[in-house]
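Two complexes follow with subunit A in common, the first pairing it with subunit B and the second with subunit C.
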Partner chain A sequence: MSKTEKKPLLQVENLSIGFSQYMKGTQKRVIQPIADMNVEINEGEIVAVVGASGSGKSLLAHAVLGILPSNAICSGSVVYKGEELTEKRKRQLRGREISFIPQSVNYLDPLMRVGAQVQIGLDKKTAHKQQEKLFAQYDLKSSDGHLFPYELSGGMLRRVLFATSVREGVRLVIADEPTPGIHPEALSEILKQLKQFAKDGAGVMLITHDMMSALQIADRVAVIKEGATVEISEAVAFQGTGERLKTEYTKRLWRALPQNDFDLEFKGRDLNI
Partner chain B sequence: MTLSGENLGHYYQRDRWILKDVTISIAPGEVLGLSGYSGCGKTTLSRILAGYIAPRTGNIWIDHKAMEPRTFRPVQLIYQHPEKAINPKWRMRDVLTESYAPSQAILDAFEIKNEWLTRWPVELSGGEKQRFCIVRALNPATKFIIADEMTTMLDAITQAKIWNSFLGICKSRNIGVIVVSHETSLLNRLCDRIYHLGK
Partner chain C sequence: MAKNTVIRMIRVVTLLIGLSILTFSLIHLSPMDPVNAYIGGDGSASPEQIEKFKEYWGVDKSPVEQYFSWAGALLQGNFGTSMLYRTPVIDIIQSRFVTSLALMGTAWLLSGVIGYLLGMAAAMNRGKIIDRIIKWYSYTLVSTPIFWMGLILLIVFAVGLEWFPVGLAVPPGVMESDVRFLDRLHHFVLPALTLSILGVANVAMHTREKMIDILNAEYVVFAKARGESDWQIFKYHGIRNSILPAISLQFAYFGELFGGSMLAEQVFAYPGLGSTLTTAGLKGDLPLMVGIILISSLFVFAGNFIADILNKVVDPRMKGAI
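Up next, the complex of A and B:
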């Protein structure tokens, strides 16, 4: 739905990521969770990244941001605004032009009040006001800002995490599962904000399991399986029985939703164990 | 054997009541859905029912008796965030066998690969870790399981498979299950009855 002409913002090509592990003593081995990942995001476009758990969706996000653990071995090319995204550039851009909403609520500082965490990186003079505004927008009470992360529920923490990503001058938003555990009203507010990012010309990578929500706002959907991109389809192809989807895996993923034929996956196994 | 909570009430900060006058009960083999706004106290209620926190008001009964302290808890809780329920400094094998030794059949039912057992928690994805938490809760002495947003981290195919295996085992062992979720369509698929918390 990008009104502007398609200008690629982020191009990930043949990305592969491995981890070297120590087995015993100095014996090493390398595991390769991501083998052949390809994703392209244009300016003003929302690309949903879906796929099995453990297929490497979060790793893709971490690779683009340059926050993989130190034993990771990365190859392939990541191009941002037509230029290779080097580790140094990643450091300069992340938290500024590239904003990240992490998957785990563990990423919040457990010893810092959540209001103060949202104010990080905002203009000091208006930070407090801005934070209160964001809280109101995501259906959080202003008194919630004085609480510590452990005092908030899972869904509330998600919304706090989301509020930390809303900054001026953001060009690329990488949202890793921003929606689980959030009730429908707050969810639609978050989707609206992601849509707004795109309207303002930013690219959005929305990593999610929540296909129904993602399809409401996404332009295209990339399907990841076992560390490789198996399909990139227009979001409109996800409807009915999925006859417009290209691969068998994507069709199964679509049909397994509780809204569709959840039961198809139910096999009559003997579970007397 | 029923699990019931009577007039449960709880707050974390004085007089900021999260729960008030909640009465809930579940029979063996029943699948009860629990839905409500985020922040309305679903997880707090789950923690109270599982005996992790004592409610400010009200009581929990198992078969009209109070829960015994310092023994195996017949009510097990599966958390929304597996990374918060697993010791990051234990290998997955130790996490898995902490309460009992699960059979290969159970590991297969949840598609837990043998190679995962030697890994550290950070080396597995959220969905992979969650399977360990599920198997860990299926101790032979477990009578009730509370699944707090158990599969929100999982893709649709895995979600359907896991519920299939999980409910299959629970039905055969007559375990009562409380399914906590926001997703109405999921609750409608799984539950015999749905309890709406809050307004």
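Up next, the complex of A and C:
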């Protein structure tokens, strides 16, 4: 796939995120979970962001959306469609051009019927119809719309979350681990939908643990370690023994996968995936 | 549900028995002599007369005997006769309870609604000037004793500005039939205001805390990520998730409300249940006092019970749990 003709949609450069915290009384300190994060997503491209838990993948997503907690300090540049993505622009774009699929089902309002939650942000007149259509698309019954989140299974809730992201005019989809706990058919449906976003010209940031699923659809893969980008490679480089990968860390990560002989020679060392 | 209710009913009965025993014991341990308190240290009463009094009231018997004769009568629905007012206790409680109920009901509604709105406004504008004003108001008032608040209002509005009467529920020296509704309202404003002002602070602080928790919840983060405005977040998620705890808290607040009304009524000489209880206590009118204590604890229990039921019936997540 030739990228040269594609326009960059989102460029994250040297992003760092810190949190100021109060230690014992009034002593203030800043912790810096993300330093020097770089990711670029082109229109119509799926970029998988992989990395261990706590490597800062979700924070990257929250930073782009502008939903970090108020004590977060961001620096670096985030450029969307060639223009700096300011807080004000984020407010205007999110939910419209930028769509978010969160990682936990706790992101649904526990006291609101799921159908109504999917309808938020849709045109009032057609909201109900659209919601029913989305439910059908994700293999949810029409009657499920009247249920509260606690009445649905984890996998169903994931599909509801996914349904909230499908909006007309979405240019960038940020999916924060949308796949765990989902049965295989629904998984392939979700991957297909992500692929569809990209076909329609939107950029997709797929944050995940599940490298094998990600590789099925991703064009490129960004590997994150301890808040920094280690490597960005074409998805096709993740093959065989990984000799086309650039860094040692990524090669190990690749070889540690069950499909690749479960290479455990590094187990217990610095690789905790 | 049924089992739960039965357990609660058993609990309230034992609570009432315990309370009545405690009140009896405390009264008997106190140095106060009801006969003496009644005749008010009038030296003209002869020892024989005093003996007759004691016999008439039954205070010459042992405390245990007195308790059982009282409890036996109560089981037949007889609360006894007030030593002070010479009328059945239940009649006094009825008439006073209505007066108090109007006072407490008004304060309950006002403090609930205004407090909730203020708490919401503060949380939604956290850290801004409006939040700081509401917080300052609430902290100040939460730490203000209610009788002191009453006195201040009395000094400003009744004595200084002369907008409202200094006390009582009706104008003095006017026939009961000639009292207009407007007069009653006029006397009602200050005590009700005293009771409401402090309630508002409590409710506002609780609502603010709850709402801040909600605003930090993941579902609100997600709502933001979906482009919902502050108003939409308030409308879709804020009210939905905060109204239930607010209402059940409001019912559980009956106890404090009753305690507050006692002090407020005392300051304004407002003839409600609270001021009657104080008088009964000071004059050693045991039947009246125990009667009021039992009725008011039933009242507080009812509040907590309603709060509990509401939580279980209205919250969809508790479906099937009852």
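Of note:
Definition applied: the second predicted complex is superposed on the first by the 259 of 273 C-alpha atoms of A that agree within 3 Å, B and C clash if a C-alpha of one lies under 4 Å from a C-alpha of the other, contacts with A are read in each partner's own complex, and residues count from 1 in each chain.
Convention: a residue touches a chain if its C-beta (ideal position, glycine included) is under 8 Å from a C-beta of that chain, and two chains touch if they have at least 3 such contacts.
Keep in mind that this is a model prediction, so the values were computed, not measured.
In the overlay built on the shared chain, the residue A:N106 is in contact with subunit B and with subunit C. When the two structures are aligned on the shared chain, A:T164 is found in touch with subunit C, with no touch to subunit B. Of the two partner chains placed around the shared chain by superposition, subunit C is the only one that A:R96 touches, whereas subunit B remains out of contact. In the superposition on chain A, A:F148 makes contact with subunit C only, not with subunit B. For subunit A, the partner touching the most residues, choosing from subunit B and subunit C, is B.
Residues 69, 104, 106 of subunit A contact both subunit B in one complex and subunit C in the other. Within the complex formed with subunit A, the subunit C residues making contact are 216-219, 221-228, 232, 236-237, 240-241, 315-317. The part of subunit B that touches subunit A in the complex is made up of residues 12-13, 36-39, 41-44, 80-81, 83-84, 103, 105-106, 109, 122-128, 149, 152-161, 164-165, 168-169, 171-172, 182-183, 185-186, 188-189. Interface residues of subunit A, counted against subunit B in their complex, comprise 19, 21, 50-55, 58, 69, 103-106, 151-156, 158-159, 177, 180-184, 186, 209, 211, 252-254, 256-259, 262-267, 269, 271-273. Interface of subunit A with subunit C (complex): residues 62, 65-67, 69, 91, 93-96, 100, 102, 104, 106-112, 120-121, 148, 150, 164.
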